[in-house]
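Here chain A shows up in two complexes: once beside chain B, once beside chain C.
After this line comes the complex of A and B, so read on.
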């Protein structure tokens, strides 16, 4: 199992995530930009993910909804700044329960031989916004998501 | 002359700007979303501003170019996340000399009687990106820009 590294420094409105995958960047990109693939790995355990919109191009929109066991729905949405590529993905993020609390998410892919290091750099408008995101089960959700992504891109799922 | 407050804390990839204007939020919004008005106040002294694209709506694009006395051109561009309103403006930013260094800029307007407090909250992917922005004459440029914006919205220009 590859280790995930999560850095959320006190007083800094940012979260940095690093994880290595035994797969090329092209597979990781596809897992982020194909709605059927995305629905198979993204989100915390026990929530159903529906990809409502996914336009992986400069200025395109994205939106997905997580539904819990009680049928409660949580939607996230935003825009792609630049076209997602094997270099990376830059997108704005907003959670419908936190209107106006927009954050910027940048994912980069760095190939090292047969493997790829994925880095996710999320910056928030305030430390409070970052802490809200962290408290919302971020770490558990990220670990589970990226483990499922690993299974997907390495052909184990 | 109203004071401008600029906060750029060490180790935090963020710049916070606050300034009060003797004008309603609607005038400040118009000065940000009407290309002819924007060209009259934005940018450092001595640079000519051309607004190439300005689509002030959710998912719309914006792009402007500054031209210096030698004819050298500097372009900035991005997207509007959410529709600009008298509540505020959220937009992504990229400088063509720093490709891939995207940042998120959120402007809010808070009316206090006849006056409006403008707050600008800019978050960067790294402290290095923030420092590059600060070193690029940010403070001088901001002071001059917001003084010109003040003259414009209070009818002195």
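After this line comes the complex of A and C, so read on.
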């Protein structure tokens, strides 16, 4: 297992994620662009991923929905810019609970012998948008109760 | 916090009953019986939830004569609610699953 590296500088509306995989870029590309494969790895336990649309070509659309244990649904969607390739994937993202807060995600694959370094460069319109996303737009229900608990715990000590 | 401990914490927090138990413990230590009261759930069922919380480090348990008290441990909870933790957990878990998937994929013809 390789360690994930996440960089989110204060005041900069961007997040950089780096992770190395023991596989060629072609397999990583398939895992990102084949709906059946994508549903098998994206998202933590407890969130069921359904791929609604996935058209991995220039101008193609994509959309997936995550359903939590309570049946609450969160959808993400956008467009591909340029055809996804073993060089990488460029796509816009929008969360259905935050209409208009579109962000840009560029994934690059860099092969190093038998391994591939994956980098995700996510750029938001504002630091507020980034912080909302990072603090867990994907787990809204859970976040709300965690924040309450956190406040209670912090207030107590 | 180590990645698998954070996973254990998020796993424990993903259940609404366990979050309610933690909420109750913010008001002070409690016995299994006291924790059982607000739920339509048997004492063994609540005990199983307490075991998960204890394994995640979110509570500790002590015995005072015959009373076994649960106590909230704040540090792992704070780590789980720090601003990058959920994001890190999301991608760490996803990419670990991707590792497993890549290992099973056939090479392209």
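What we mean here is this: the second predicted complex is superposed on the first by the 136 of 157 C-alpha atoms of A that agree within 3 Å, B and C clash if a C-alpha of one lies under 4 Å from a C-alpha of the other, contacts with A are read in each partner's own complex, and residues count from 1 in each chain.
Quick note on the criterion: contacts are C-beta pairs under 8 Å (C-beta built on N, C-alpha and C of every residue); 3 or more make two chains touch, one makes a residue touch a chain.
Keep in mind it's a predicted model, so treat the numbers as computed, not measured.
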First (chain B), second (chain C), both or neither touched by A:56: neither
Partner chain(s) touched by A:106 [first = chain B, second = chain C, both, neither]: first
Chain B versus chain C as contact partner of A:121, first or second or both or neither: first
Touched partner set for A:37, first chain B, second chain C, both or neither: second
Touching partner for A:12 - first (chain B), second (chain C), both, neither: first
Contacts of A:84 with chain B and chain C, given as first, second, both or neither: neither
Partner chain in contact with A:26 - chain B first, chain C second, else both or neither: second
Chain A: partner with more touched residues, chain B or chain C: C
Those residues of chain A which chain B touches in one complex and chain C touches in the other: none
Interface residues, chain B side, partner chain A - complex: 11-14, 59, 61, 78-79, 81-82, 87-88, 90, 92, 94, 100, 102-104, 106, 121, 123-126
Residues of chain C defined as touching chain A within the complex: 10-11, 13-16, 19, 22-23, 26, 72, 74, 77-78, 80-81, 83-84, 86-103, 105, 107-108
Residues of chain A that touch chain C when the two form their complex: 1, 4, 6, 8, 15, 17, 19, 21-23, 26-28, 30-31, 37, 40-46, 69-70, 131, 133-136, 138-139, 142-143, 145-150, 152-154, 156-157
